[in-house]
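Residue numbering begins at 1 within each chain, and the chains themselves are lettered A, B and C in the order written.
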Amino acid sequence: MGTLLQQIANGLIFGGLIAMVALGYTMVYGIIQLINFAHGEVFMTGAFGGLAVYSWLLPADVQQIWYVALPAMLVGGAIVALVIALLMERFAYRPLRNAPRLAPLITALGVSVFLQEAMRIFFPGASSAVPFPNAFITAPLHIGSITIPASGLLMLVVSVVLSIVLETYVNGSRMGRAMRATAQDPDTARLMGINPDRVIVLTFGIGAVLAGVGGVLYGSYIHNIDPYIGFQNGLFAFAAAVLGGIGSIRGAVIGAFVIGLIKNLADIYLPGGTAYDYVWIFILLIAVLVFRPQGLFGEAERVRA
Amino acid sequence: MRNRTVKAAVVVMAGALALAACGTNKTESGGGGSASCDTSKGTLTIGVISPLTGSLSALGLGIQHSAELAVAEANDKCTVKGYKLTVDPEDDQATPQVGAQAATKLSSDSNVVGVVGTLNSSVAQTVQPILSNKKVPQISPANTNPSLTKGADLTNPKRQFPSYFRVCTTDNYQGPDAADYLVKKAGKKKIAVIQDGKTYGAGLAAAFSERATADGATIVDKEQVGEKDTDFSGVLTKVKAAAPDAIYYGGEYPVAGPLSKQAQGLGLTVPVMGGDGVFDPKYIELGGKEGDLATSVGAPTESLDTAKDFVKAYAAKGYKDPYAAYGAFSYDAANAIIASLATTLGDSGTWSDSQRDKLISTIGSYKGNGATGAVAFDQYGDSTNKVLTVYQVTGKDWKAVQTGPFEG
Amino acid sequence: MKAMARPLIIVGAIVVIIGALLPWATFVLNDGAYPDKASLEFFDAPFGLTSFRLYLELLGLAGLVFALVPLRDRIRVLKAVGWGSAGIAVINTLFIVGDGGGLGAVTVADGHSAFGGLAATVGAALLLVGAYQLPKAPLAVIKPRLPFWAEWLILLVAFVALLLLVTETLTAGGHSGVSDPYIGPLFLSYLCAAGALLGVLWAFGVTKWISDMSERHRIFSIVVLLLCAVAVPFTSLGNDYWMTITANIGVYAATAIGLNIVVGLAGLLDLGYVAFMGIGAFVAANLSGAVAAEFGIRLPFIVAAIAAGIVAGIFGAVVGSPTLRVRGDYLAIVTLAFGEIFVRVSQNNIGGLTGGSNAIPNIPDLSLFGAQFNDSLTIGGIQLPGGVLYYFLIVLLVALVMFVFGNLKNSRIGRAWIAIREDEDVARAMGVKTGKLKILAFMTGATLAGLAGAVFAHKLATASYDSFQFNQSVTLLAAVILGGMGTIPGAVLGAALLFVLPEELRQFSDYRLMFFGLALVVIMRFRPQGLIADRHRRAELADEDVTGESLDDTAIKSPVAVAGVKEAGA
């Protein structure tokens, strides 16, 4: 029983991580129907941004004070991720807004490969894993029979809090309404006086900030980063977004937790054990896409010409 | 207007022709390079096949630069009489079909005397027959799959390719050596084995498990992780439930370091042990903790002058990338080829295809002292250097705790 | 500015010529002397130049000549010349600067001066500025149609010239011996020069004329192309190295053409396509009698290849069926997930079929009438390189795949696929059975990939999960997109580029993947229809009408045509 609880805890932590990335996927797809393959790389650049802030901007004595260092890294990571995402949107995706579906998809793949390699080449030491400082409390927490690292709990908490904030914002504020309107029907939204370009930039921006924060927290939790963390985690995040219903914020978060739980429970209960845990996630993804493409919370897909 | 432009054209053309008449026939002054060696007979090449791009590039570039260091030193010492040596690095992108192209390219060049490579065993499988066909000797610094030298049936070993050698040790020695240490010396009786599913890690873990069981320990859990994985909470929770007193990991340090740290984070404070893929200073940075163990081939660097010289020389050359896990092996491999070439050619020999057989047999009987210890090959092409060292993480550093030849 | 056009061009051309004659590097670089005696003094035997300096000199002369001789379509010709010169100048200058450690390498250092690079760049810039000022003109069209034997002769000459051009391209910079340290920029310079040449030919309407002719005499063209392909081992590409590369290109081209059916014709984006090739490879490996194979039997290659194709086809249908309910982007993710599942599953050696991390090595060589495919062959006194039989087999494979593709494309099925690609709902409304056809597309593509995989396994003598990872799928997709979706020459060109470029541009090998990603982005932005575009695609993606005229251009129509339109419309 202890193992089961532990695995559930691990799964929720992993889900918290994935959620922050999934939110970006789901929001961008909701607005411009683009699977931003490079979103995983935004997550990765956020992590490297946080590391850069820690290594090069913080003086040595400040590095040890976690309640100063960690926020600084979070801000740094978020800013780097934001810049990358906005550049991506402006130069790679915006010119292809009206192109057939294949073009932005291939472009996203290209951007993804480009970012991975650029980081590997230009960030010192990034050809293999780069150690990431544990900028949070190091001691693990014991709750009953479960042991979880403090940074994992932090990730979970931050992820839930940010999701709630985001959901409130999108449902409550003017800009949020504008986002929902653009997602529903960009032309009518434009007629209503909303500037879709601005809304899209905002969407990318929010997604990027979330992914960047996620990247820094990921680094704290795992203690190392490399240029390739974006690919696999991005795939899981996309699976989560699809599972929850693409376009739905609540769905992305819930989907992320489901994915996390499945991964850890598959280790114990499903045949093949740990060797096949990712396979189960992919099978689930395929099953969802086939049998219920709108996911748990999404609307039935609008047909586009 | 037309007339003027036509005239202008004619003038220009005439000018050009006139310039042609002023031409001279200078040749360039010679390039740099040591003028003290006799290089009258030309240039011979040592090829390197390893992943120079992609995620394994750190290892591949280390192999390339170490070979370049060996060649540069040989040129300075005029080791091969009458010839200058160069290195031709080819990228195999850790993919078999690209490796095949690289091998074909090198093997069709008559000036290529030998090849240092490959890193991945799966690439080696395609490269071996190609190089062997053209009688180009190949010395690998990093292939660990025993089948490459002994064939698929290890109980009836048969040498696969007479021109293939390796300077690193195979899983057959490292795994059991680690098992002996962990079970008999460190007294661990319940061991969990984790591996990363790749040729190196899976082979090592299998060899370890077999020996550990024979030594009397119980393998309480067997798990597999992906090489790109970073979150091991699932795997470690399962391992923790089996309550081992040690974990053996078959794989490399980018995964092993975080694995060890996360194990600790989950309250699983048992030592993690691995092979030479784990033995790297970065392992500690990435999360290796006090008491973790790793095996490595050869005696400790501090105890070998040749190793210290290699490290100094490598640093002096100022390469952009560190020599990484297999640099020292690559250095020894290149030196083996160079020394054998010098012996084959003697003082006044000339290189030709007819020398290839002699070169291969000279390499087979080569004996030298390299950065990894004594370098020599047995009848299968495997390294005879069975000196293995067990290191332990002590105070943020690797310290040798046992060293000696592996018996049996 | 317009009046300045001609003088600018002339001045530019002269400066380019001078630049070609000046020395380019002030000292001998660390890797060795830069080619063509680039460090030598001025005016050293101008007609003794070779390689990039010769190209520059020729381009400069061409620019000069074309500026002076009356031409209708001067602008395009001069643009081609200008861009070619600019390319050569910039690439070589930048490389020397980079390798030489600073601008001193191309200006003044140690008492030597070498302004060649800068002069050529300036000259090319002037040329381009002048060229862009010229008035636009309609593309020249060569109208007369010759008797068929004359056209056949011209086609023969054209294809042989193409073969020689390709051969020269691939061996530019030299390959035997220690690889030339400057092979990268030399190859690029060659590409610029060849590109300029092709540009000039295009501007004169020659390329369109020849392509129209080949359309008219399709069968003859195909036969000649096949003969040229077979003739390759007899050219300077006839050594083991190029046989291996061309064999790899061929296998990937065959797979890319299969992918073209799925992506190019039916519009179904498949990101896990290489898995089918892998399935074919593993099936063939297991039936080949290799020691590590699961089944102990050894079937003749033809049987194994067909089995590989069938098994892959079945999997194709399996992968295809869920896609019935899934559109566009989602389909991409589903196929990606399948691809990842394949990699994971084969890494774990499911059912012992894939050998896991040990792979299935030592797959026996193919043999025909006693001749081992990997050995070198002697026909009538000419010694052909080792692996040449694999090359011929692969040429056959590619021809077969092209044949299947061509027939499908022009059949009812092919048109139905294109209809599905354009607009699935409308297609269904017109009575097209979209579900079955989509599965058929997957199946056909997968079968072809399986066949290619079987040949691949034998050529490589190993089947390992390493060869079939996600980045290979991306590479295949890039080959199809880059070369041109929906066209066969496009797929072959794409596959060729992706194999040959890394070999040639070795200097930049560390940046290879980065440029690759960047190239995908740039291509999608500026030329999404690829290099060799399908007519329909081009019309669809790049706003051109079916004859290739850009719809955006404010092209001046010839007075006759305009008058004709006026008459018709009035």
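Basically, contacts are C-beta pairs under 8 Å (C-beta built on N, C-alpha and C of every residue); 3 or more make two chains touch, one makes a residue touch a chain.
Keep in mind that what you see is a predicted model, and the values were worked out from it rather than measured.
Among the chains present, the centre nearest to the common Cα mean is that of C.
Among the pairs A-C and B-C, the greater number of C-beta contacts is found at B-C.
One inter-chain figure worth recording: chain B and chain C are separated by 34 Å, centre to centre, where each centre is the mean of the chain's CA atoms. Residues of chain B in contact with two or more other chains: 57, 197, 224, 226. Residue numbers of chain C whose C-beta contacts span two or more other chains: 344, 348, 510, 513.
In chain A, the residues touching two or more other chains are 275, 278. On chain B, the positions that touch chain C within their shared complex are 2, 5-6, 8-9, 12, 16, 19-20, 22-29, 31-32, 43, 45, 52-54, 57, 86, 88, 91, 94-97, 100-101, 104-105, 107-109, 111, 120-123, 125-126, 129, 133, 145, 147, 151-152, 160, 197-199, 201-203, 224, 226.
Residues of chain C that touch chain A in their complex: 263, 267, 269, 322, 325-330, 332-334, 336-338, 340-341, 344-345, 348, 423, 425, 474, 477-478, 481, 510-511, 513-514, 516-521, 524-525, 528, 540-541. Residues 2-3, 6-7, 10-11, 13-14, 17, 120, 127-129, 131, 140, 142, 147-149, 152, 218, 221-224, 226, 228-229, 231-232, 263-264, 266-268, 273-275, 277-278 of chain A touch chain B in their complex. Those residues of chain B lying in contact with chain A across their complex are 55, 57-58, 61, 197, 223-226, 228-231, 233-235, 237-238, 240-241, 253-254, 257-258, 261-262, 264-267, 282, 285-287, 321.
The part of chain A that touches chain C in the complex is made up of residues 29, 33-35, 92, 95-96, 99-107, 109-118, 121, 235, 238-239, 242, 272, 275-276, 278-279, 282-283, 285-286, 289-291, 293, 301, 303, 305.
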